[in-house]
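The structure appears below as structure tokens.
Labels A, B and C are assigned to the chains in the order they are written; within every chain, residues are numbered from 1.
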Amino acid sequence: MGRFLVRRISLGALVLWIITILVFVMFFVAPNDVAHNIAGRNATPATVANVRRTLGLDQPIVTQYWHFLTRLLHGNLGQSYYTQQPVASILKSRLPATLSIMVGAAVIWMLLGVSSGIISAIRPRSVADRGLTTFALFFYSLPTFVLGLAMLNVFFYQLHTHGWPNLPGSGYVPLTQDPYQWFLHMILPWVTLALLLAATYTRLTRGAMLDVLGEDYIRTARAKGLGEGRVVLRHGLRSALTPIVTQFGIDLGTLVGNLVVTETVFGISGVGKLAIDSITNQDLPVIIGVVICASASVVIMNIVVDIAYALLDPRVRLN
Amino acid sequence: MTRPVETELLTSELDAELPPTVGGVAIEGRSAYQLVWLRLRQDRVAMASAIMIALIALFALFAPLVAHFTGHSVNQEFHRIGENPDGSPKGPSHIFVWGTDDQGRDLLVRCAYGARISLEAGLIATAIAVFVGTTVGLASGYLGKIVDTILSRTTDLVLALPYLLFAIALVAVVGPSLGIAIAVIAFFSWASVGRIVRGQVLSLREREFVEAARSLGASSMRIMFIDVLPNVLAQVVVLASLLIPSAIVFEATLSYLGLGVPPPTPSWGNIIADAQNYQEAWWFLLFPGILLLLTTLSFNLLGDAIRDAFDPRGDQMFARTKKG
Amino acid sequence: MSTEPGVAPVQSQPTGEVLLELTDVVKHFPIRSSSLFRRDAGAVRAVDGVSLTVRAGETLGLVGETGCGKSTLARCITRLYDLTAGTIVFDGEDISRLSPRAMRPVRSKIQMIFQDPYGSLNPRRRVGSIIGDPFAIHGMASGADRKRRVQELMEMVGLNPEHYNRFPAEFSGGQRQRIGVARALALSPKLIVCDEPVSALDVSIQAQVINLLADLQTEFGLTYIFIAHDLSVVRHVSDRVAVMYLGKVGEISSSEELYLHPRHPYTNALMSAVPVPDPDLSDRRERLILAGDVPSPTNPPSGCRFHPRCPKARQDCVEKEPALIPRLGDGPGHQTACHYAVADGEDLTTQRSQLPSAAQAQDLVATTRSTEGSETP
């Protein structure tokens, strides 16, 4: 297990390092002339040269990269071109919103997906099963933003115009400030994400459990007099755990994209929306900061998932 | 060598083993693809999906015709007849069959041109991803050793990158365009194809017919493309049919976020983005939304059906084929 | 497949020139250990020093248990594997170290027929294309000419040329082997290595395929190396037979000689295991049961590899490896690698190995025999 950990973490570190190189190459080496952009369109060559020197852009690329990397490792992500604030603190202030969406949605979609999968598996081909599977396919095909906007329209706009103004249309209220409002603001994003992502888990759980519940040892367990609940949950669910964990790992990777979209749809000032806004503003340091931090968290989350995977399935460790 | 037991080469016995002839004409062999096609033909859901896709494709193809018949071109802004006094979009009428958008443009025409973007992006990006992924998987799986190590590590790396973030970063640097969107989608899709193809090739490599080809003196290239590839294609087709809808969604999402096709070119994604500010204009969100949903749903259903047609096992939950 | 009494096998007369010569061929497969630090965890010594000669026009049979290395040897001869050591000289040319490019022209002269009729043909290609492959690879015929030649080949092996466009799945096992034969014949080879070509077929079909191979040999003057694990099959198709054990040749002689005067204890054991359809004859026979399992090819026994299971083993069998030379006054064509070769009429069932390690195994065999013996009336 120790060896597996070492291998996995070093692989993750390698990926992170390569990400920093890619980001650096994209922004500072690409045809885009950063100094020119900052100095402005009408700047004289002298001003541009000045800016270049100040930002250290006239030094050899490797040196620039080295500075970039060392600053990163010290937690210094530079300053926003737009607001002059340190990027790191901007990110920190936006984080709670994103985390709220992420964690809440994850809990809901896991519960929803797995439980509907179980229901489907217990009563295969029943009305419930067919209904759930159809829904699963339907939501799986919907793009995030379409569903989000549809929810917004139905639950916010239509309700509002018809006299039920409770649900907010956008914005974020911190949990610590007003839990009830926080909750209200979070419901729609949570439901949107949950509906979209639960679908995969429904199919997965159903498939894995159906495979297992047909096995002979399940029949034995029932013959022994084991309660149906225990049979289903203990044995059936256990076999579904591995693909569920795998899928969760994959979803963590795509979650970033989904978060960006969700925040944009619901106007929540989280990290995702920050990224989009900073593109409009051409606020390079912020973009770089978001990309690197988000990539780092995805890599770390994947490592955690892999470790969980290895704990569940000893064969992975021995590979 | 001797003839150990005198048996006659009974041609009649041999012939008895063969499939029967019909009317004297020997029945030609059916390839795997022909069988799949036959199964698909009987699958009602698959056929319905295929028809829907065909309809949408026609819609996209004849977009100029739609513009012609309505008399409105795709970017033409009708501020007088197409907008309300406050500048908001107008609902469906006999002039604007699907209503207008916030700039007074004909929504029907824009959706038709938007269909072009979606299908183009979906198909081209998938084609590139499949081509690159299959080649990489083939080379990696068959040639092994150094080639495999390099290609596999690259594949793993690409799979580990968070794609939307990099798409954002790339667009921030280069600026949004359809080409960039297609490139990004293709770049992040080829790796999953490559990995699956590699797995298949690794097991195919040990099969005896590959050994036979080597013993005949066939070069590696020849074996890869003439012997191994046909056996991998089935999987690749299934993958491709499932990649197309995700590519379409990817493009729509990028456009929605402002990272895809730049305005004024319409894409279902950026139309929907504009619609967000006019919640009361239900048609503005509904029509492109439904189009998007129908397209991806059809491709997903068709992809599932193709996968089942190649591998008709498992529980048939919804009776797909006609009984009898 | 049985012999019918009274049908004496007719020997074909080989031309006498040496077509293929193997000298001390060695093929080891290194076992890579999973750790980065320990490099070589040993090797599977599949072929460990085999020397053979094959003359033009003859059929050399190669027998042995599973794992004795005969399939590996076949693939070494056709250069599907590179040799670890030793030389192979084919038609006067040393092909042991040729590059793939230099091997190309040679490959048209040495062909192989595979064991599995279901695996050796690409399921996604049409039969005509499969048989035409050699022509395509060596650029020898194309288009209509190639089709004509493929159809000629199909007819030659007893297939209907109109089935040119069918897929392998539409043929029976016997027919697929014929397709494999047709493919092997395409370039008019001199030597065909048959790796258990009939083992996967029904007994009734085996005869047909073997007859086909015999006819083709007469018609085209082919040379065969015929690998099998079934002695009764090998006996009737081969002019000479080599018996392999654990990567080395134990005994080699003409087919006739081998069955009348088997010298190696292992050969004797194999012979006694061949089922005899006559029940009275079968009962009267004493089975020679070998004690122990086949050792692992990663760590073969010292000296003579057969000594742990041999009923005649003595101390020098452990220490000294016996050379493959004529024993007990045999002619130069009959060579045996055994210090204590079995003489005519010698009864091995009564013999006991004199090695201490074998005692326990032999006790087990003795108890088995006594219970067996009590069953015979």
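Simple rule for what comes next: a residue touches a chain if its C-beta (ideal position, glycine included) is under 8 Å from a C-beta of that chain, and two chains touch if they have at least 3 such contacts.
Bear in mind the structure is a predicted one, so any value in this text is a computation, not a measurement.
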Statement: Per mean C-alpha coordinates, the chain lying farthest from chain C is A
Field: By mean Cα position, the chain sitting nearest the middle
entry: B
Message: Can you work out the whole-Å distance between the CA centroids of chain B and chain C?
response: 51
- line: When centres are defined as mean Cα positions, the distance from chain A to chain C in whole Å is 61
Chain A and chain B: spacing of chain centres that average the CA atoms, whole Å: 25
Task: Over in the complex, which chain C residues touch chain B? Could you list them?
output: 1, 3-4, 9-12, 59, 75, 78, 80, 100, 103-104, 107-108, 111-112, 114-116, 119-126, 133-134, 137-138, 158, 160, 162-163, 165-167, 169-172, 175, 180, 183, 207-208, 210-215, 217, 224, 226, 236-239
- line: So, in the complex, the side of chain A touching chain B is made of residues 15, 18-19, 22-23, 26-27, 30, 32, 124-125, 129-130, 133, 137-138, 140-146, 149-150, 152-153, 156-157, 161, 210, 253-254, 256-257, 260-261, 264-265, 275-276, 278-280, 282, 284, 287-288, 290-291, 294-295, 298-299, 302
Query: In their shared complex, at which residues does chain B touch chain C?
result: 1-5, 7, 9, 11, 14-15, 17-19, 26, 28-32, 207-209, 211-219, 222, 226-227, 230-231
- line: Residue positions on chain B within touch of chain A in the complex are 157, 160-166, 168-174, 245, 249, 252-253, 256-259, 269, 272-273, 275-276, 279-280, 282, 285, 289, 292-293, 296-297, 300-301, 304, 315, 317-318
